[in-house]
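In what comes next, subunit A is part of two complexes: it sits with subunit B in the first one and with subunit C in the second one.
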Partner chain A sequence: MERSALYWRVVLLAAPVTVFAVLVIWPLFSSFFYSFTNWNGFNPEYDFVGLENFAKIGSDRLFIGAIINTTIWMVAAILLPTLLGLALALLLDSKVPGGPIFKTLFYLPICLSAVVVGQIWIWIYQADWGLLNTVIRAVSGSSFNYAWLAKPDTSLGSVIVAWSWQQTGLSMVIFLAGLTSIPNDLLEVCEIEGASTWQRIRIVLIPLLTPATVVVVALSVINSLKGFDILYIMTGGGPFHSSDTLAMHMYNESFKKYLMGYGSAISVVLFLIALTIIRIYFRNLKKVDEIYG
Partner chain B sequence: MADLHLDNVSKSFGTLEVIRNVCLDVAHGEFIVFVGPSGCGKSTLLRLITGLESVTGGRIFIGGVDVTQVRPSDRRVAMVFQSYALFPHLTVAENIGFGLRLAKRPAAVIRQRVDAVARTLRIKDLLDRKPGQLSGGQRQRVAIGRSIIRSPEVFLFDEPLSNLDAALRVLMRLEITRLHNRLQATMIFVTHDQTEAMTLADRIYVFNQGRIEQSGTPMDLYNSPSNRFVAGFIGSPAMNFLPGKVEQTGDHMMLKIGSTRLRLDQSFTSVSHREISVGIRPEHLRVVESSAGHVRAEVEIIEELGAEVIAYLQIEGISDPITIRLPPQRHVVPGQQVGVRFASEHFHLFGSNGTRLC
Partner chain C sequence: MAETTVSVPSVAPFNPWKVVLLICVGCLALLFLAPTVGVLLSSIKTTREIAFGELWTIPGTIYWGNFIEVLTNPSVPQYFLNTIFVTLPATILSIILGVLAGYVFSKLPFAGSNLLFLVIISGMFFPPQVILIPLFQFFNSLGLIDTLWPIICVHTALGIPICTLLMRNFFATVPNALREAAILEGANEWQVLIRVALPLSLPAIAVLATLQFTWIWNDFLWPLIFTQSDEKRTIMVGIVNLKGQYSVAWGVQGALSLIASLPTLIVFLFFQRYFIKGMTMGAVKG
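And now, the complex of A and B:
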């Protein structure tokens, strides 16, 4: 290789590699390092405590609650936007009147920041004058004023609805792209062979949308694992930790209780969970590639 | 199996008329080929017969029943697509049994029928594979299997061999012929390849610009093309067309090609003093010594095909090269000056508008 070409390759690669190393690799290894310490986040003095932080995780009632909430959050945050996005894509692909307008409307929430979405839904859920209770009162005729975000039974579910409202547009667009890429010949085979609408969706469209589904699920997994901001805005993990997820719990332990070592241990657990999910994802991606090319 | 009748069928997309008042009949058990260049409307016509497109005008009858407004699934037709249109997520067995599964036939019946079809097409050992694991020829067999399992009235093939390599295409042509012989089914096959048309068809319909140019048996079209388009389209290598002029000299009609005058027989009387196009097939030209030919020519390119040699020659005074089919032992080399003799009894004379003169 010519010396000048090699020089420019090194120079041009150096910038992104440096940014990646400083912003991703270094914090990652720092978390691993601090997870074995009792650092409080400020004091330069700290001690190595070995696996003590990890042992503490096992007996932490709030951590167990956060694991359960994270599981509910992830399953719902993956299933709801995926299913709703698929349903909307199938509906809009069938040339309904005003299709382009609906596509724009459904996609719009993804353009908003989580803070804005969270604030909109806080107003919707507001007990006295929120849109939801106002509608329920108008329909039922009762004086309904349930505080959706302030009750442990409904706080997490309410945030999940807001999250799904925001994410569904993205899933819908990906499924619409997937539907466009299905060869017309295959749909014509359905027509000639006499497939009903339901048979066409079940036997043909949904399986053929597998590559799109893989992308949607992958994005949902990544986004839901990162799903901290909307929870922070809407509930802050409360009331009584009823909407605490692992990310929220880690934040509370690290930055509210100043237990940076313990927070780092929680982040390591979160990292390992993410790693496992991504590994499963890539294994399935290979299978999808073999079938759909 | 049923006959098919198209009565004045036309199809337009907006202002673009792609099928123009087509009338045709297909008898029970016939193997019909629609042939024509790309964009001539042959595939659109097939889609109209299937019901995947609706007609703008005219009517379609299958087995004497007007199916013009009937859904594709109720027309009892099956179609084999150029792309094979196999479902990548289904196994070969599931692809073949797709129609029966939709019809909610019992699993045992589907399995039995799929096995029978797979035996017929010799793909029994492939039943558990996915389409992605099959070769082009195997996929084609699966697509055919899916079409025959429902025992339709009419089989429609939309350029099904186009994606195969040359050797496999020949094999699949034989397979389709065998299948037709075995099933004695009504089949309509669309292709732009005139060799496929000639080798497969009982009868050929030649299409151009949404119209039927001519129909007939392959040899009818080869020997008596009704116009210059058909003459040029049917036959490989294609017919040669030379500019000529018919003149009357005394009692005889003379045909002038370049600087050569050939005496024509009495049947050419109707074309005196016309600027015409003289069609002659490559096998009706002979290469002789340069002094013994009707015209002089220079050999430009030689294609040695084993059983025959195709030579491309440039005739003095004529811009387009001519093609001659030669026996392999007839040795000519590029650059050689030769004479060319015409077998005038094989001339096809066409007027300036392409219609056959005689």
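And now, the complex of A and C:
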């Protein structure tokens, strides 16, 4: 019996573990390896340069810019989709007529490709006939034609708004799932004790939504590290690298300048940041489990 | 408000609060819909109309020229075929691998299986850039760059974490007694998996099929890296390429975006329940 269980474990796990090891784990360690070389992507020969790539990171003005932009993106990712998603979930949870239809509407963007979302928002920000400027012109009466994506001051923020538009639906459904798991008797007690809607939200709902909040914030932060496709479509990291993120910078160095060694070093930094966040996430998830069992 | 709801009324009294809520949600929904409506409108308007600032008005007549332009472009069917050739095998393969691993993690745990499980599912949290260069180098050395193979392989591998996670959680709800009864009657683990656990897990497979299909169809990064010639592009990279060709033909770009999103929109509208379930399960239990 024991022996046959071992046999089946090996047989059943062989394919998934092999594929995962070859195409995910091994490349991960390979990235570490290449980060110590000056490989250019084509030449089969390359030299070990030690920590040179990592030393270069410190003096790379574009890298520093990318780190700052990635941090801005993360902070915005924690605030925008989380708060909007929470607000939408609370609104929809209070049994609005047509709730399921609204839920679908808010959730719909998540099934769209970043390419399409980027395309849509390029048109919103378009200087001459874009929706945003059309509205501003209608309200102010002036001939406003600011090119949101073409100006270094607003390019990153504009992309983040577009990205949040897509992410909000995801936060909303996670909060909604959290809200449905709150026991009904608790809410009934609120009503009997005569708590106002605001008190009910502040004292009962928000604290009990802690687990959902941990998940939403962590997902937003992790997804913000992956922010690449929509940037590539909307600004390409420009103008003048004003919207470069780490993922974008890594792509440019590796596949535009063919500095694969240096690109690997950036991806190692990206990995370490992701690892730190994931560890915090898992630790909090455990705490959440301990509290709410 | 407190008094009225203590005894549950059979007919809800008129509640002005509801109307306020409805208006709030309605306004937000309008704001949320505006971008999507913009694409719909652009696809049925001429470039002239759009350039003169009439994109955001309801048109009197529908202009079909953009759709005709897209559907007669010889590249578009090729992009679609390529995307199908990538999406279907990668979706199916990743689910099969997830079923195998998920079954072991839920029904045949062993010393260290939790750690292995954690390693596998953490795969879904890392930015793909972390493994981009070595994978490019790997498939380049096999001479597979500019074919669809690397995209299929990578999506299969990257689908393993979410598929394993969902299948493990779902198999955990299949009673152990069922498995033991089957084993007592002489079935082996493979037969238990195929004949007992799998038929009970069709909802989980539906969830994964919707999620994986949508993600792989919509993906941009991997086909961008692994393909070079126009004949091998998938639809999402393809429509970015075509943007150059139609640089000011905004209506054609809108029609392209719409047609490229049609398969995922259909899947979403029909299988929305599974989609949402998968998103929340994957997120909350992760």
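A few notes on this one:
Following the convention adopted for this analysis, the second predicted complex is superposed on the first by the 285 of 293 C-alpha atoms of A that agree within 3 Å, B and C clash if a C-alpha of one lies under 4 Å from a C-alpha of the other, contacts with A are read in each partner's own complex, and residues count from 1 in each chain.
In the analysis below, contacts are C-beta pairs under 8 Å (C-beta built on N, C-alpha and C of every residue); 3 or more make two chains touch, one makes a residue touch a chain.
Predicted, not measured: the structure shown is a model, and the values here were computed from it.
A simple residue count on subunit A separates subunit B from subunit C, and the partner touching more is C.
Contact with subunit B, but none with subunit C, is seen for A:Thr210 once the two complexes are overlaid on the shared chain.
After overlaying the two complexes on the shared chain, residue contacts for A:Ile72 are found with neither subunit B nor subunit C. Of the two partner chains placed around the shared chain by superposition, subunit B is the only one that A:Pro183 touches, whereas subunit C remains out of contact.
Of the two partner chains, both subunit B and subunit C are touched by A:Glu191. In the superposition on chain A, A:Leu219 contacts subunit C only, with no contact to subunit B. By the touch criterion defined above, A:Ile201 lies against neither subunit B nor subunit C after alignment on the C-alpha atoms of chain A. Annotation: subunit A residues 191-195 touch subunit B in one complex and subunit C in the other.
For subunit A in complex with subunit B, the residues that touch the partner chain are 183, 185-186, 188-196, 199, 203-204, 207-208, 210, 290-293.
Put simply, subunit C touches subunit A in their complex at residues 1-2, 5-6, 17-18, 21-22, 24-25, 28-29, 32-36, 38-39, 42, 50-56, 97-98, 100-101, 103-104, 108, 110, 116, 119-120, 122-123, 125-138, 153-154, 156-158, 160, 164, 188-190, 193, 214, 217-221, 224-225, 236, 239-240, 250, 253-254, 257, 260-261, 264-265, 267-269, 272, 275-276, 279-280, 283-284, 286.
The touching residues of subunit A, counted against subunit C in their complex, run 4-6, 8-9, 11-13, 15-17, 19-20, 22-28, 30-31, 34, 41, 88, 91-92, 94-98, 102, 104-117, 119-121, 123-124, 128-129, 131, 134, 165, 170, 173-174, 177, 191-195, 197, 211-212, 215, 219, 222, 225-226, 228-229, 232-233, 246-247, 250-251, 254-255, 260, 263-264, 267-268, 270-271, 274, 278, 281. Interface residues of subunit B, counted against subunit A in their complex, comprise 50-52, 71-74, 77-79, 81, 83, 85, 87-90, 98-99, 101-103, 130, 132, 146, 150.
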